[in-house]
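Please find the structures below.
Each of the next two complexes has chain A plus one other chain: chain B in the first, chain C in the second.
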Partner chain A sequence: MAADIRPKRPFRWHIGIFLAPAVLVYSAIMILPLAGTLQLSLFRNIEQHQVFVGLQNFRTLFGDPNWSVGFWNALRNNTWFFIIHMIVQNPIGVMLAALLSSPRLRFAAFYRTAIFVPTILSFVIVGFAWKLILSPLWGVAPHLMDLVGLKSLFTPWLGKEQYALTALSLISVWQFVGIPMMLIYAALLSIPEEVIEAAECDGITGLSQFWKIKLPLILPSIGIISILTFVGNFNAFDLIYTAQGALAGPNYSTDILGTFLYRAFFGFQLQTGDPNMGAAIATMMFLIILGGVCVYLFLVQTRLRRYQF
Partner chain B sequence: MTTKLLTALLLGTSILGSAGVAYAADVTLNIESWRGDDLAIWKDKLIPAFEAKNPGIKVVFAPSAPTEYDAALGAKLAAGSAGDLITCRPFDKSLELFKKGNLADLSALPGMENFSPVAKSAWQTDDGKASFCVPMASVIHGFIYNKDAFDKLGIKVPETRDEFFAALDKIKADGTYIPMAMGTKDLWEAATMGYQNIGPNYWKGEDGRAALIKGEQKLTDKDWVAPYEELAKWKPYLGDGFEAQTYPDSQNLFTLGRAAIYPAGSWEIGLFNTQAQFKMGAFPPPVEKAGDTCYISDHTDIGMGLNAASKNADPAKTFLSWVASPDFATIYANALPGFFSLNSAPVKMADPLAQEFVSWRAKCKPTIRSTYQILSRGTPNLENETWVESANVINGTDTPEAAAKKLQTGLDSWYKPAK
Partner chain C sequence: MSTATRSVPRTIGAHAILLTYTAIALFPVILVIMNSFKSRAGIFGAPLTPPTPKTFDLIGYTTVIGQGDFIHYFQNSLVVTVASLFFVLLFGAMAAFALSEYRFRGSSLMGLYLALGIMIPIRLGTVAILQLMVASGLVNTLTALILVYTAQGLPLAVFILSEFMKQVSDDLKNAGRIDGLSEYTIFFRLVLPLVRPSMATVAVFTMIPIWNDLWFPLILAPSEETKTVTLGAQLFLGQFVTNWNAILAALSLAIMPVLILYVIFSRQLIRGITSGAVK
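Now for the complex of A and B:
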């Protein structure tokens, strides 16, 4: 009887109410600004009024050599910045994680912390500290190199067009190598003992155990790290700005998309900011990152083999 | 953060504003400024001096942080809560305020006749018809040298370029000192202390600058390329690793006594006086032959204007006339050695180094930095490009001709001189 008079299931308001804070906050601080940026890039300030100009800003960005040369230069530098991270930071991160997870290593906790600490430092401190370390005048780098007789190899790296970007990429690698290390370390720890024991029974130990057993098992983590590196690098700005200034010298050789956007959007010194062109550059950055992530999601991730235990 | 600061500022001004009510009979003028460093000078020296002469007018100096100033001021002007007196940035930023009607026209203000046309140029409409800020101070470029080093090596102060390079050679040959303290890492040193410092002697100061704006001269002309040729010759005299030497590095190299010559702006005087343990002197950019007219960069840096919406326009004008007077100039220039009054009346200064700098005004013709007026309005920005190219020339990345060509091409792409 009781079942018969039970009223119709009421509309479940609580779902909406519980979702609301996250949806509202995310929309307000992420979706709206993003939409605002996209919209801003389609307008132009003409005689103090925002006028809709369609894709004119993008035509300027790619058609006018005053903009396009800077844009391609920034994109090229940014790609190099990313490549250095991929071939230096991530392999070293994997290697450190493999070493740390070795049960025979003593002081593992100390190393883990020490290597991770730079990640939580402010960019300003990192930029400033490395500027001092590499300073040809007061830096410890020339002095230390002198002690081992390599003084002749020292050059003012941050001031030379051919080295500055690579030097800064390596500084960034130094700062962030802890993140791939931690993620891989966690992945390595989650490999079940039985798998390792089975491998040992089959006579696979040492380095070949790493290559044949562990590496295939952590490949999904390496994929995630690559995509995090990609997104992080193409959004990078702070380190270049603190170490080289907004003009990303010498001769724009360290200019990446972030600094290029900053100069266009906010202006610099006597240059007044142009929010519309800045938004156009920001939109391009968004598309580049979106494209990269899509390539990863649809082409790489679907082919990665996952193992369930 | 900006909003917080803004709120604090607005709150601050409202409290200061209501403080005025207590003196019902008095008028209180509020000064907007980014020069927080000068707060003590205003409070202890300038304002008491003015109030003593003008009973009934109270003045409050209310500075905000330099990086926030333009945004905060814009918001306050829009909200109608800005102070009566507004400290003016040079050139386009203030011009924009004037065009929006935020700054009053001060062309007829008593006291404006105390300033030369060059001094007023930073706060005038492009045609020079309306002036909207009283020029307060400028900075002069030149070279500061280590007097002890010069005495020890028996070098006399160079007047011509040949003597200048002979002196540099001698310092380099001796090896005790780095001949010149300058780096290219921060880019602007190369442009501001380099190109804009020695350039006016080549392009003949205002003549060249005006011709460039009119389009009669180009940056690829001999007079504009020649300073780059001289800059390129500086390279061997700079310290080891100058490519990564920053502006504070250069300052320290000089004040620690490790370098003999410092291409300078006069704003360094205050700092150098407190840090350097040796005697210093200064000389203007050397000329080609002894007896040639010399030109110096006497760059207008700071001025003061009247908020067009001010309810106390008349007392504010009284104050501005005082700012235009020699009295103000004397107090200001002595309190801040290196920031020189733009007043035509000579100002007595106690600091010997500052005296040396300002004495060049008597024998040399002043000009301002060539890129600041009108020419840096478009994209690519001429001033920023000049930073990059000046550093390139010293680093040897670009030849002087190539650098000049790049600058002119960039300028041509947006700037069409009025015919």
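Now for the complex of A and C:
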């Protein structure tokens, strides 16, 4: 009723004009293709025509050993890739941030800048540089290990099936540790002085202060980092492609969903590309990422206490 | 402050750990750049020493500049990055202004719709994006890349910029309205200059993934004419597997522009990331 009494406002065209370019580009290039890809996974190309086949592509993906072995292998590898990130990257990031945020630390700006350098480099550079360093031909890695007396432990990690994936995960950790470090650093800086002072009055200092006071306060940031890592890892492609090629060798031991999608979509030496199967794999990746995001939004985020200062 | 935070062994320990990690972070970069200035014998004989007059050699760089069309790839990367950045910032700021300034029906729904892309990577739509580009004849053009990167950068830009635009004083905008300024003038003349620092932050965040991306150049624009420097370096490195001088020089050429830009903008970038905390 109130609306009738109020003088009718003229249609505000400017809102539409402000929104239009972003919404158009975003919808046309991102949302519609995403929906299109999901839709394409339900079709097959039969005699030059796209025919609706329901879930047939997914049945092939999970039922046909030609596909399912590769898919499960990629998913397993991808999970391991993610686990390494969670147990290596995030603790190192938290530790570095905790050290950086200690009061009156000299050269903090230098450390911050230097540790973030790998993060700005492209995968191509990172992948190749590490490939050279770990190469037995050049001998940098064995030489360095010799200095600490561990030369006997050296093997060409990237070339061995049992080590290659872990080695690549650690390279990726090396590259991205700057991101958790920065976000946690920001979170630590935003803890108000009074809280820290109150803790110190109660005699809680040093490490126990970190565990009892600071860590609970930065848990929301750790949650955000975990979900960012999850999305990034299940969407990764470039590093594996640069270091090991589209075949994700040796013997598919470094194959993750991104490289698996690439081969399915474009084909490689032995197999022709198949957009419909590619779309089916992309749909699975979409569901995995969506699942992760939902778990984060509905389970993790709601349980984390947020402290307002 | 307590004595614990000031104790000497603790400070030394902190510096030791940070220095060690800094060394780990910088070592590969320094190693590659250092060795790119050496002769083949120098690279293999003493990889860990800086170039000496005896081992100094620019053969790698002359090979790279003679063989690959790197200048051209650089231009392509530059065009794609700058154009996408321009559109992300302009369109993103406009949408962020609309969302933060006006209340209208469905405004929060619209905000949610635009935020969707922060979590769901655009790469998953590749199959249909390629079909779209083939249908519109944009394959192997820089336009295709610019469109994709604009769409990719928009969600985060809108999200960050609308947070900042909410902080711009309402009095200022209303004063402008009373003076008879149109909504467009208020946006371009009053609000945009005030959020310039946050625009710089968004710019850095948007720029790095675009410059470094390999996936879309590989799929949408792999032709010689439209190769970006990341894709060019990737293919070039593949060709010269055995020519270590050329590989190291190519890697250094790819590292250096990013590194220089980073050193110039690192303050801005770090301030952007920690902006919530250090006001």
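Definition applied: the second predicted complex is superposed on the first by the 298 of 309 C-alpha atoms of A that agree within 3 Å, B and C clash if a C-alpha of one lies under 4 Å from a C-alpha of the other, contacts with A are read in each partner's own complex, and residues count from 1 in each chain.
Rule of thumb we're sticking to: a contact is a pair of C-beta atoms (placed from the backbone, for glycine too) under 8 Å apart; a residue touches a chain by one contact, two chains touch by 3 or more.
Quick caveat: nothing in here was measured; it's all calculated off a predicted structure.
Once the two complexes are overlaid on the shared chain, A:Pro136 sits against chain B while remaining clear of chain C.
Counting residues of chain A touched by each partner, chain B versus chain C, the larger count belongs to C. When the two structures are aligned on the shared chain, A:Asp255 is found in touch with neither chain B nor chain C. Of the two partner chains placed by the overlay, only chain B lies in contact with A:Leu247; chain C stays clear of it.
Of the two partner chains placed by superposition, only chain B is touched by A:Trp157; chain C is not.
In the three-chain superposition model, chain A touches both chain B and chain C at residues 138. Touching chain C in their complex are the following residues of chain A: 12, 14-15, 17-19, 21-23, 25-26, 28-37, 40, 92, 95-96, 99-100, 102-103, 105-107, 109-118, 120-126, 128-130, 132-133, 138-140, 143-144, 174, 177-178, 182-183, 185-190, 200, 205-206, 227, 231, 235, 237-238, 241-242, 258, 261, 265-266, 275, 278-279, 282, 285-286, 289-290, 293. Across the complex, chain A is touched by residues 91-92, 183-188, 239-246, 249, 252-253, 371-372, 376-377, 379-384, 387-388, 391-392, 395, 397-398, 410, 413-414 of chain B.
By the touch rule above, chain C contacts chain A in their complex via residues 1-2, 4-5, 10-11, 14-15, 17-19, 21-22, 24-26, 28-29, 31-32, 43-44, 47-48, 87, 90-92, 94-95, 97-99, 102, 104, 110, 113-114, 116-117, 119-129, 131-132, 147-148, 150-152, 154-155, 158, 182-184, 187, 208, 211-215, 219, 230, 233-234, 237, 244, 247-248, 251, 254-255, 258-259, 262-263, 266, 269-270, 273-278. Across the complex, chain A meets chain B through its residues 64, 66-67, 131, 134-138, 142, 155-161, 245, 247, 249-252, 263, 268-272, 274, 277.
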